[in-house]
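Both complexes shown next keep chain A, but they swap its partner, so chain B is in the first and chain C is in the second.
Then we have the complex of A and B:
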C-alpha cells in the first residue's frame, strides 16, 4: 500500500518535461475538441433563437429592418460596418445589407415589427398594415395581428390533416400504380384524389396580408404561404425560449424545404440511424464469424498470419475506394442482376440496380468489417485457454465450447468492434454518394407498406445533407446556421449511437461481476 | 547422461492389485510436442476407486500424461503420440469412441480454477445441459447433489445465481470439481488441484478427494509429498517423461526401491 503511493508521488517529478509535454498534448486535444463542439453548439443552436429585429435609421433618412449578424472593420481601416439580415428576398434580390456604422443615426427595436416565415422566399420583415380576408371586413392594427395568429393556427391544422391524408390515402395508391399492382380504375381514383387535393389547397388560399417594409414599400402576401408569424421585439425571454424550443423541434421533426436550405432534417436523421443500424446488423455476424475462424478454427500457420495482416491493412483503405467497389459490384453487378431476374417488368427503371439503403449499408459493412474482425479477435485471444479446456473437459464439442463459453465471453469485445464500426460508419459520406444517398428523399425507407423496411429505396443522410446545403444551395451564408445545426446534430447522433452500444456492452459485462477482466 | 544408469524397472510390476481392478491402463505410451519428447514408453495401471498420485519434478510430463488420459491433446496439431490407453478395457483412441463421451467419463480439474463466467448454478449445470433432455427438477437435484459432493453446498446454497467469479479461489476449485462431478464421471483427473489454495482450502479439497474415492477413480498430480502421502493409495514417480517407480504409497515413501526416487522424495521432504 505504502509503496504504491510512493510510486505515484515520485512520478511527476521524475518525468520532468516529458510529463508536461504529454499533459500539454492532452490539454490541447481536449481544448480543440471543446472548441469544435462549442462552435457547433453556439452557431447551431443560436439558429432557432428569435433574435430582436433592429430598425436602423441612416443619416440620409433611409430605414431598414433586420437582425444584426456581425460587425467587421471596413477594408480601408476607417471605421466599421455591420451586416444585417433583412429578409425580403423577392423585394431586394438579397437578404443581406451591409451598413457602415458611421452612417447609422439611430437603432431602435419597435414592438410592432413582424417576422413572417414563409414556404417560399424565406423570411419577410416589416410592419403589418392590414388583414384582408376573402370574406369579412378588412382589419388593421392589433386586430389584424390577432386575426392573423388565429388563422395561422387553423391553417397549420389544415395542413397537417392534408399531409396525413396525402400520406395515408394518396401515396400508397401512387406506389401501387408505380409498381404495376393497381389497374386502370385506380388511375381514375388517383386523378379524383389529386383533384380533391388541389381543391383543398385552393380553399386554403384567399386570405391576404398587406405589409409595409421598413423603407415604406407595400407588399401583398397570401396567408396560405405563411408558416409562422412572430413579433420578436414584443416577446419576453420565456416566449423566446418557447419559440426556440419549437423551432428546434421542427428542425428535428420536419422535412427540408427550399432546396435543403430551410426546414428540418428528420428524413436525414432517420436515414443516418437506419443506415448505421442495418450496417451493424450486417457487419457484426460476418466480422465475428471471420474472427472466430481466424482465431479458433484455422490452423495458425503462415497463411492465417498473412490473412490477418491483410485484414488489418484493409482498415486503412480510403472509404471512397469502398464506394467505387460498392457501385461497381453491389449496385451494377448484383443489383443489375437482381433486376434482370426478379424485377424485369419494371425495367428500364431500376429497382436494385441503383443506389439504395441496402447497397449503402453493405458498402459500409465492408468498410467496417476489418474493425470488427480485429476487435473480436483481440477479445478471443484474451480468453484464457483453460476456459476452453474447461468446457471441452465437460464433454462439450468444439461448437458447444464456442457458442456457450467463448463467444459469450468475447461479447464485450465484439461490441467494442461494433462501437468502432458505428463510429467509423456514421461519419462516412464519400462512399454514400456513390451507392445511394439522396439529396431529397421524401419517403423514409420505413413505412406501413409491406415489407415495411424498403432496402432498395434511396435515403437521406445528415453528413450528405451538410455537404449538399454547403455546396449546392444558392445562398451559403443563409444556410450556414442550418449547416452548423445539422453538423451538431450529426455529432450528437453519432454520440448517441455510440453510447447505446457502450451501454449495451456495459450491461452485458455487469451481468457477471468481474467478467470485464476479459 | 549419468555414467551408471539404474536398471530399468519392470514398470507397473510393484503394484499389488488384481488386473480386474484396473480402471485405466496405459501401455507403451509415448508423446511428443513437435520434435520434443514429453513422455516415453509409459506403462502403468490405475486402480479403480482408489487415489493414484503422480509425482515428479516440474516438466517431467505429469500434466501431459493426465491430458492424454481424456484426449485433451486432440486439438493440438503439434502433438504426436504412440502406444495405447484403455479405459475399462476399451482403447480410448478407437474410432468408435466419442471424445465428448470419453471426457464425460474421465473428468478433469485443472491447476488454476476455471469456472465459466456464469452463475454458480449454470456452471454446475453446464455439462448436464450439454447432454440435454433433463427436466428442471432433476437438474436442480443433480446440481445440489454435485455441490454437496464437492462440500460446497452449504456455502453457496443461498446464492446459486451469483456469479461464479465472486467465489474465493478455494470455493472456485470446489465448484469446478462439482461441475465435473455433475456429469457423473468414472474417473476424475486432478492436476495440482490445491496448488493455488490456502492450507484450509487445501485440507477441504483433500478431504473431498478421500470421500470421493468410494465412488470414483481418482488420479492426482501434486508437488506436495505430504499431500500425496496423505490422500493417495498408489504413487507413481515420473522423471524426464519416464515412469521411474510405481508402488503403493506407503511403500514408495517409506521404502523406495530406487535411489532416484529416494532422492526426489527426501529432497522435497527435508
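Then we have the complex of A and C:
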C-alpha cells in the first residue's frame, strides 16, 4: 500500500486515513438514524393505505385473493415466494398464504373484490353475491353494494347512539349497584334498561350478506358484525387518500381490538398523556424547590458539591431500578399501608396496594427529578450575580429577590427541564411494567364518576402497547403494521417534545447571552 | 415623622419573618426531595440485607450459591443455573446469578464495541473537521437520537433486524468488512481528484457526500456477498458457524442486542466526547497547526491527550447506560439465561430479569430479595461509574481553565 496520504505535491495537506474513517462514522450514524426513521414512517403510515387486492390464479387452477405483503427467496435458493394476506380466518384457519412465484399463472385486480372489516375474525376478502335484509327483497350486484353501504352508515350511527346511551344511563346505575348504595328499585330499573339494551341490539341484527371467496366457497355474514366495507380495486387515488385519512383518524381515536393486534390506540394515548401530565405536576414543583435550595439557599461547600454530583448521577441510574423502588416502597409499602387503613373492607383485593396511575406517576417523577433539578440549576447559575445583588441592595429580602427577580428569569430553564422530563418519561416503559401499566385497561382513569380522576386505576401506555403487541400477541405478523404505526406515533411525540425543549433552551441562551453583555 | 417609623419596624419584621419562614421551607423541602431521591440506595440495601444476614441467624442464600457453579440434584456436573421459580420441594429453585451478570456485561461490552468507535469517530470529525454550518444541524440531530425510546429500538432490533440478519448473515459480514476499506478508498480517490473538483466536495461536508458512496458500498456488498460466502464459508455462513466453530446461531442473540444497544448508547457517548473535544482551548490546536501539523495530527497528538479524561468519562457513562438498559435487551435477546460466551447465543440480563420476574415474585421471599439484589448491583455499578466519570470531568474542566481556554 503506497502512502498516498503523505505530503505529495498533489496533496498539500493530507489528513491521513483516519480522518476518513471518522467522517464515515458520522455518515454511518446519520444513515442508520435515517434508515430507522424512514422504516417507521413508511411502514407506519403505509398501514392505513387501502392497498389493492390481487386475485392470483395458480398453475393448478386454484385462485386466491389477498394483499401482497412481501416476497422472499425460497430457502433452497431456487426461485422466490410471495406472502399474501388473504383474511378469512374462519374458513382457512389462517390469514396468510405463501405462494411460490413460479406457480403463479396470472395476477389480476378485479374491481368487484370486497374487503370487509369485521368485529370478530378480522378481515374478509371475497366477492359480494347478494344482500339479504331481514325485511324486503334480496338484492344482487351493484344494488347489493349500495344497499350494504347505506346500511353500514345507519349501523354506525346506531352503534354510536347505543354506546352513548349505555355510558350515560346504564353505566352509572351499574356502578351505583356495585358500590352497594342502591335499593331494590334500582335493581328493577337496571333489569329494564338491560332488556332495552338487548332489544336495541336485536334491532340492529338480522340483515345478512352472502359472499363468495376467491376459490368459490359461499359464506353468510351477519351485517351487524361488519364495521366497514371497501372495494379497494375500484377506488381512485383520491378515494384512497380519503380512506387513508379516515384510517389514520380511527387509529388515533378508537380502542384496540383482537388482543391489541388491530383497532386503534386511543386508550394508550390517553394513558400516556395523563401519566405524563400527573408526573409533571408532581416533578416540577419539587424539582424547582430542590434546585433553588441547592443553588440559592444551601451553603456552597464541599457537601453541597457532593450532593450535586450525586443528584446528577442519579440521572444515569437505570430506569428499572426506579421501577423496583416504586414497587417496593410505593406499591407494597405505602399502598399496602393505605389499603390496611382506609380500604380494609375491600381487602384482600387491593385498591392502592397494586400498581396504578398514582404510583406510576410518582415513580416517573422520581426518575425525572434529576433532569428537572439539573436543568433548573443550569438556568439559575446563568443568572448574573449582580441581578441578585441589585435586588438585595434595593432592600428586598431573600424571598422577594427569589420570587420577583430570580425565578421569573429562570422560567424558561424550568420549562426546559419539565419538557425534557416529559420527553424522558414518555419513552420509559421498563419501570411502568412494575408499577401499574396494563395490557388492556377496561376503565379509563378519568370518567364522570366522583372523584373523576381515579389515580388507583391501571392504565394503558403507548410504549407498553408496542411491547405487548410485539411479544404477547398471537399473530405478530398481523400486528406488525399496527406496531409500526404505534412506534411512529411514540417517536413523533417524543421528538416534538425534545424539539420544544431545544427551542426553549436556545431562546434562554440568547436572552441571557445579551443580559450578561450589557 | 413618628407614624412611619412605627409602621416600618413592624412591616420590616413581618417581611423578615416571612423571609426566614420561606428559607426554612425551601431548605426543608430541598433536603426532603434530595433525601427522597437518595432513598433508593438505602431502600435496596435494607431489603437485600436479610438475604445474607438475619437476626434469627442463618442466611437465606450464601454467596457461593449465587456466584459459583453448584451441584443440583438431577444434574451431573456443578453448573450455573438461574431457575428461581422451580417448585420448592422438587427439585428446588436454583439461584445462580452468574449467568445473568456475566451476560449483562457481555452484551454491554458488545454494545460498546459498536458504539465507541462510531461515537468517537463522529465526535472527532464533528469537533475538528466538519463545517460549522453542517455541525450546527448535525449535532442536535445526533443528540436527538438519544431520546429515541428503548422500546422502539428494541422492537426494530428484535422483530425487524434479527430476522433480517438471520437471512442475510453473509451480507452483513461483507458489509462490515467492506466499509472501512471503502471509506479509505474514498479518501484516496478524493486526494487524486483535481483541485477544482475537490472544492465542490470539501472534507467539512464529507458526512453528507459520503452517503451515496456508502450506498454504492452497500450495493457492492450485496453483489459480493454470495461469492464471499461461497469461497470462505462453503456457501452458507450460518451453517459454517455451526459445523466449523460449533456456534449455534440463535435468532435473537447477544450480537443483535449489542448492535441495538450500541445504536442507543452511541449518541450519549458522542455528545459528551464532542463536548470534551471541542472544549479544548483553541490556542492549543492553533499552535499545533501553525507548527505544520495536519488536523488529524493535531487531534491525535494535542487535542485528544488534552481531552482524554472527558472522552473516558463519556465512554464510562455509555457503559453505565448499556448495563442498565432494559427494554432493548428484553425485546432483542430471547431472554434465555445461558452461561456461555458466544455472541450468537441468546441472553437474559439482570434488568430484563427484574422486569419479567419481579411482578410475579412474592414480596419478602428469597426470589424477590434476589431480584432486589440485582437492582442493587445495577444501581451500585451505574452510580459508581457515573461518579467516577463526573470526578474525571471536573478535573478536566479545571485543567482547561489552567490551560487558559474558555471556562
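Basically, the second predicted complex is superposed on the first by the 452 of 518 C-alpha atoms of A that agree within 3 Å, B and C clash if a C-alpha of one lies under 4 Å from a C-alpha of the other, contacts with A are read in each partner's own complex, and residues count from 1 in each chain.
Note that in this section a residue touches a chain if its C-beta (ideal position, glycine included) is under 8 Å from a C-beta of that chain, and two chains touch if they have at least 3 such contacts.
Here the structure is a predicted model, which is why all the values come from computation and not from measurement.
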Touched partner set for A:70, first chain B, second chain C, both or neither: neither
Which superposed partner A:390 touches (first chain B, second chain C, both, neither): first
Chain B versus chain C, judged by how many residues of chain A each one touches: C
Partner chain(s) touched by A:111 [first = chain B, second = chain C, both, neither]: neither
First, second, both or neither for A:302, with chain B first and chain C second: neither
Which of chain B and chain C A:495 touches, first, second, both or neither: second
Which superposed partner A:408 touches (first chain B, second chain C, both, neither): first
Chain B and chain C contact sites that coincide on chain A, given as residue numbers: 397-398, 400
Chain C-facing residues of chain A, complex: 4-5, 10-11, 13-33, 36, 39-40, 72, 286-287, 289-290, 292-294, 296-298, 307, 309-314, 316-325, 327-329, 332, 355, 366, 369-370, 397-400, 402, 423-424, 426-430, 433-434, 463-464, 466-467, 470-471, 476, 480, 483, 487, 490-491, 494-495, 498-499, 502
Interface residues, chain C side, partner chain A - complex: 15-16, 18-19, 22-23, 26-27, 29-31, 33-34, 36-40, 43-44, 47, 117-122, 124-126, 129-130, 138, 140-142, 144-145, 147-156, 158-160, 167, 179-180, 183-184, 186-188, 190-192, 203, 206-208, 210-211, 214, 263, 266, 270, 294-297, 300, 317, 320-321, 323-327, 330-331, 351, 354-355, 358-359, 363, 371-372, 375, 378-379, 382-383, 385-387, 390-391
Interfacial residue positions of chain B with respect to chain A in the complex: 70, 72, 75, 77, 100-101, 103-104, 107-108, 110, 112, 114-119, 126-127, 130-131, 163, 165-166, 176, 179-180, 183
Residues on chain A engaged by chain B in the complex (per definition of touch): 299, 384, 386-387, 389-398, 400, 404-405, 408-409, 512-515, 518
